[in-house]
């Protein structure tokens, strides 16, 4: 069996007195797509924000347990280094408004003061935009600012921006919930191609979406990991009653 | 190809990492700089207060509380009583407030209720903004050459000494200057009166006048009052326009047409010619009084506004 | 009975109409002073403006001609000085207030800013006198710059804070998620995004400070000469207007109208530029 790229061990997270994640244990294989689903407030967004150490930006945030990226404890590493290895795409597209499309894609390098020569920059930009299925649409407008792009295109730009850093893991936080069905379909297709080159964790509240694209699914309820397994097995024969109820729409 | 943490932080053979030194500041130092910037503003205010107190100590020690009640301001004899200026300040400011309210309240109702959008509203708003942007010395200049002759003519008609300059003239200029301040907050609170309150009144058959009188104004009254307070604060500290038309007399004014001085205008007039520690300290004590009074009025006004927004 | 009720309604409707008319009338009255002032300045000042007026130094009493070149230069110099004293400190304080909103110190700082805003300009002039003129032993452009800088501080701080507060958190998160440190996120992403708001705040501050006289009366003090040395007294447009307008010489009065024209044009022009800067550079989210 492949060694796990991400291991979450006995992990809990809280905001002050309120515990949001209870004793999560999870192990993800390389180059797979794991969907995290569950009703609102179950902790799924908090979980991925802990993986790239964004959770601790909120005051009163506390964590316990371990998260190991390639066998390295991310809570013993400088958060900045952790975040450079893990890419995140947010619910609402948030390209940098003062930068051109080109600069947005390599923003991770520019902002961190990592200097690349022009050839490397051009190559990275094209490669990332191709992977994000956006290259053909913007290749003639690379130096324009991104505000003329549609919501779906902006989100793909954000995906390209994250991919440009060659992350180990790509975190997607309900990336299509603010988009129209056509853009959603585009992004779903692109994500399912991407998983062959990068490990993806996608938070979604859309059960059908999880079924369509993910290899593995984790079901969270009230901060607990209720069930985790291959998507096919879970959807055809869930082991836990709560999972079954969620999948059949009885709550959430 | 497997990427590790090292690959991103350390260059591959072809790429170069040059962390630009400008922003290599660590996070902790940046936070410290920001914290210091905020702190220094606090220190500034405290330093201002202390400097004023220390610099006016000679006068504080010599006259004590009698400074504010003394009627004589005679630099030659070393007698410094500020009553004439207190009276001058209060007279000119309160008259200015009254005159201004006659116009600022209607403006607030105009912009807050009758004409909230559209050309009329934009036009009046721009005019008011322009009024607020005119420098004080130009107001004084205009007052000197336009208002003073008018007031002189008026004084001739009513049989008072035709000086033209005086407390009345200064309050006229002040009234125009504080109009934007008195009206802007009023406009905002009037426009923020919840529409369901107004609609309830309308649906009972009230006319607009009655809705304004019985629903809007009472609801917005504390906000309007706050605006008036802030305008008062502005009027108290106004220097140049006042100094140019008030007549610069250090005697207790006998009527609104008398020449006089305000605390601010006497400082402007006499500071550069003040000789001797006591003279200077007395003028600085006037500044201290101005500082404290305007601070209290401004804080009061802002407090009322905060309470109002909390209420919503 | 019915007759009484009808009169009452009739009267109420008339009262309503009268009230509206009164409101409109009184509101429009407030336009009158503005037109009077502008009209007077343009009428009396425009004939004075010519190339000599703008580029020459003032002449002694009795001689005709002369100009306000030193006043114009002085005003510009003082603006630069007040910029130096207020913008760096003000922007960083504004960043502090926006990014550390809940801190106890932030609350106190905001209070300090509100107090600072309300201090009469002449009191600030006295502070600059005590802090700069007295130790230096002479009037100077530097002390004038300090006074004006203190006056500009609240404007810069508030413009920065308000602008940065409007920038959505998602932008900060986007940058942080790429592994960018907090200082870089602020300086290279957030601040550029808020540039138009901060800049327009600064320009409005400049417009206000350019017209100030009281704080300069005993700091910059004024001078009939051209001066580039910040340790010496310096003239400014408002000071010139004050001195000439209150003098007994009609020739100087005329010059004061010309100077007023230039000052008003500058201040109003800045206000207009600010509006277009805000529109052009504003970043939409």
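Chains: A, B and C, in written order; residue numbering restarts at 1 for each.
We adopt the following convention: a contact is a pair of C-beta atoms (placed from the backbone, for glycine too) under 8 Å apart; a residue touches a chain by one contact, two chains touch by 3 or more.
For clarity, every value in this text was computed on a predicted model and none was experimentally measured.
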Chain closest to the assembly centre - both centres taken as Cα means: C
Far-end chain from chain C, centres as C-alpha averages: A
Distance between chain centroids, defined by C-alpha means - chain A, chain B (Å): 53
Between chain C and chain B, distance of the C-alpha-averaged centres to the nearest whole Å: 14
Chain A and chain C, separation of their C-alpha mean positions in angstrom: 48
Per-residue multi-chain contacts in chain A, two or more chains: 81, 84-85, 112-113, 165
Shared interface positions of chain B, touching two or more other chains: 23
Multi-partner residues of chain C (each touching 2 or more other chains): 181, 184, 188
Sites on chain C touched by chain A in the complex: 102, 168, 170-171, 173-181, 184-185, 188-189, 192-193, 195, 283-285
Touch list for chain B against partner chain C, complex: 23, 25-27, 30-31, 33-35, 37-42, 44-45, 48, 51-52, 55, 102-104, 106-107, 109-111, 114, 124, 127-131, 133-142, 144-146, 176, 179, 183, 207-210, 212, 233, 236-240, 244, 264, 267-268, 271-272, 283-284, 287, 290-291, 294-295, 297-299, 302
Complex interface listing, chain A residues touching chain C: 52, 54, 57, 59, 80-85, 87-88, 90, 92, 94-98, 107-108, 110-113, 147, 158, 161-162, 165
Contact footprint of chain B on chain C as seen in their complex: 12-13, 15-16, 19-20, 22-31, 33-34, 36-37, 40-41, 89, 92-93, 95-97, 99-100, 103, 105-106, 108-109, 112-123, 126-127, 129-131, 150, 153, 157, 181-184, 186-188, 207-208, 210-214, 217-218, 221, 238, 241-242, 245-246, 253, 256, 260, 263-264, 267-268, 271
